[in-house]
Amino acid sequence: MPAPIPVSISTAIMAAGRRLDQRGWVPATAGNFSMKLEAGRIAVTRSGVHKGFLQPEHVMVVDGEGRAEDPALRPSAETLLHCGIYRRFPGAQASLHGHSVANTVLSRRAGACVVLEGYELLKAFPGLETHEARIELPVLDNDQDIARMQRELDRRWDALERDGVAVPPGYLIRGHGVYVWAGSMDGALARLEALEFMLECELMQGRG
Amino acid sequence: MPAPIPVSISTAIMAAGRRLDQRGWVPATAGNFSMKLEAGRIAVTRSGVHKGFLQPEHVMVVDGEGRAEDPALRPSAETLLHCGIYRRFPGAQASLHGHSVANTVLSRRAGACVVLEGYELLKAFPGLETHEARIELPVLDNDQDIARMQRELDRRWDALERDGVAVPPGYLIRGHGVYVWAGSMDGALARLEALEFMLECELMQGRG
Amino acid sequence: MPAPIPVSISTAIMAAGRRLDQRGWVPATAGNFSMKLEAGRIAVTRSGVHKGFLQPEHVMVVDGEGRAEDPALRPSAETLLHCGIYRRFPGAQASLHGHSVANTVLSRRAGACVVLEGYELLKAFPGLETHEARIELPVLDNDQDIARMQRELDRRWDALERDGVAVPPGYLIRGHGVYVWAGSMDGALARLEALEFMLECELMQGRG
Amino acid sequence: MPAPIPVSISTAIMAAGRRLDQRGWVPATAGNFSMKLEAGRIAVTRSGVHKGFLQPEHVMVVDGEGRAEDPALRPSAETLLHCGIYRRFPGAQASLHGHSVANTVLSRRAGACVVLEGYELLKAFPGLETHEARIELPVLDNDQDIARMQRELDRRWDALERDGVAVPPGYLIRGHGVYVWAGSMDGALARLEALEFMLECELMQGRG
């Protein structure tokens, strides 16, 4: 029998949900969250529940390919995107997906990326030691075929690495929200808040 | 003597009120909520109370024509719109009416409908399996004659059905807010949140 | 010795402060609230305290001319405006003054009044039975001489009455916020919420 | 052994953090707060923690030059700016630094200062007895060399004093937030709320 989800993990995921809900970033049943467990297992939110009112039973376990350990449970539709993050970035321990008005409006209006520069909060991202850095946040077209969207994402990440550009720990899906990750849930929440803050600034200053 | 309102029903209606109030969607005494009971009876909020501070005694019962079981109590002015929803859509179990800045501004500016397309959150609506769907949310002119407004709404719904278009589980009244419904209170809240989120995006992106 | 302030009165005033603070309408030490007591006495908030954190000792008593019963206490600077309301409108029992971004921006931009029309929420104001009504909310120039500002206000109210126009139970001071009143604190809060909602709609739709 | 931080001080700093977080002014690990202790010592928040969830152990002590009493602890990166305030303004007892969308967008767009005039809330600032006053809030270019930024600030303050202009108890750093101070934490919070309110008004009225 597989190991149960540690209470510290389900508690961190439930708290993240309440926090995002207070900000208005998980409307309806939108958003999904995950944390890495031991042995390649991943704790992820179940499909179809409101992320602001999560209970322990709303968190389940999948393997690195997104397959549910308990076949009676259905993971979030975008579980493969969480798996794609953990597969590529060994330091990632927690991933958050949320919908904000700012990230939705800006991603609908953007081309292949959203550029953020001149913000002190860029320092919340790794490798950016000063506010003079800039970040090009990838924007993907939305696609109901999640595996295909992950392949497109891997191509984008491959191209960044070929060009010697540090892959930013986040991306947008057009009209569909943001993904961020970090080495801990607190780290992922901090990156999400930093990113949403800068996107809201972009929205309010009338440039996308 | 008619059966009392089940505690689960009045609790769900009071909780919905607190949730909408946190979002700023029930200013003053605006908004009204209902849930279907057995035998065609409907539990609905009373007129003239703040929906963010509902107590059990602020929920009353009407029949399918909106007549109060207890003639001493006055139901919400728009009770006939709730009745119109339950009469037409047998699956509807809960209905919510709220006023948001976004739905008020957009409905005042709109023509006969508000078009929403390209949002992942469209999947919160039935029959829309992908974000590529679009929804034409009906916008009715406001009218203090609620029965007349319901007749106009029925004409609009009839026309949609004649054209083979799925009737969306929601509509706007110009300068007066939104109505949504679903098979449960949680479902109605999810649709309301999804709809308000998309309307706020429309407002922020400067298109109505 | 004068009668103490009834607990129900100080409680209602403190609760109003917390509510307005949640909405962001009493920044810094801005805003002031009052309720009528017996014999022409008025309970009013003291000067210089944050209205979101009121304690019973932050509410004091003045007479109809704004003179403190306890000369050691200083009432809100705008106490005379509260007195002006109770003097003119015998039905008024509670008055609220708050600063919102919407009422500040719109009053700075407006001429002698702000016009509101076509909103269902206009029904929160007396004598407006339908959304087809319109309201002309007076906008006064700000003035540190409160008695002079009250005289100007009385002239405006006189002129409205001469023209047979119902005096709306609220007004704006340019760059300085809103005043509303009603026959109870709940009524005053409902009018404030209705008014702020419509002003925020006006602000968001780009018309002032 | 140095004296511990009084509970009243750490409590005031933690409460300020929760308040700013509710307003959205300390995203990620942004923001930092300080209060003056006896003998030139300063209590300041530690680097790298979320200011909305401060615990007593997240507050530490530095001397007037920003050197940690406990060398194992790292103070906020901008500690020298807090020291610069206490060095220059003997009446300052509490300083707050926060990031809001309004102060970020406006400081990025502004020249050498942001002008605020015609707001009643200007009275929250010292020496401004009426709303007819105006304030020129200095805007500094952001700089990762904090000592250099403080020297530039001192030059700006020197120039104001030479011109006989009262130094306003606050300033903006471009794309990086606001600093305010006062003779108590309540006073600093009131000035911050007043300032952010006026900046949000400026942002909403489309002028920076």
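Order of writing sets the labels: A, B, C and D. Residues in every chain begin at 1.
As a working rule, a contact is a pair of C-beta atoms (placed from the backbone, for glycine too) under 8 Å apart; a residue touches a chain by one contact, two chains touch by 3 or more.
By chain, with names taken from UniProt: A, B, C, D = Methylthioribulose-1-phosphate dehydratase.
Since we're looking at a predicted model, the values are computed, not measured.
Number of steps on the shortest path from chain A to chain D, with steps defined by chain touch: 1.
Shared contact partners of chain A and chain C are B, D.
Where chain B touches chain C, under half of the residue numbers in use are shared by the two copies, so each contributes mostly different positions. Of all the chains, the one whose CA centre sits at the greatest distance from that of chain B is D. Chain C maps onto chain D through a rotation of 90 degrees [Cα fit, steps of 5, range 0 to 180]. The geometric centre of chain A is 32 Å away from that of chain B, both derived from CA atoms.
Chain B and chain D have CA centres that are 46 Å apart. Within chain D, contacts with two or more other chains are made by no residue at all.
If the chains shown are joined wherever they touch, the resulting network closes on itself as one ring, and no chain has more or fewer than two partners. Looking at which chains touch one another, you get A-B, A-D, B-C, C-D. Contact residues on chain D toward chain A in their complex (touch as defined above): 24, 27-30, 50, 99, 101-102, 104-105, 108-109, 142, 144, 173-177, 203.
Residues of chain A touching chain D in their complex: 23, 118-121, 124, 129-131, 186, 189-191, 193-194, 196-197, 200-201, 204-205.
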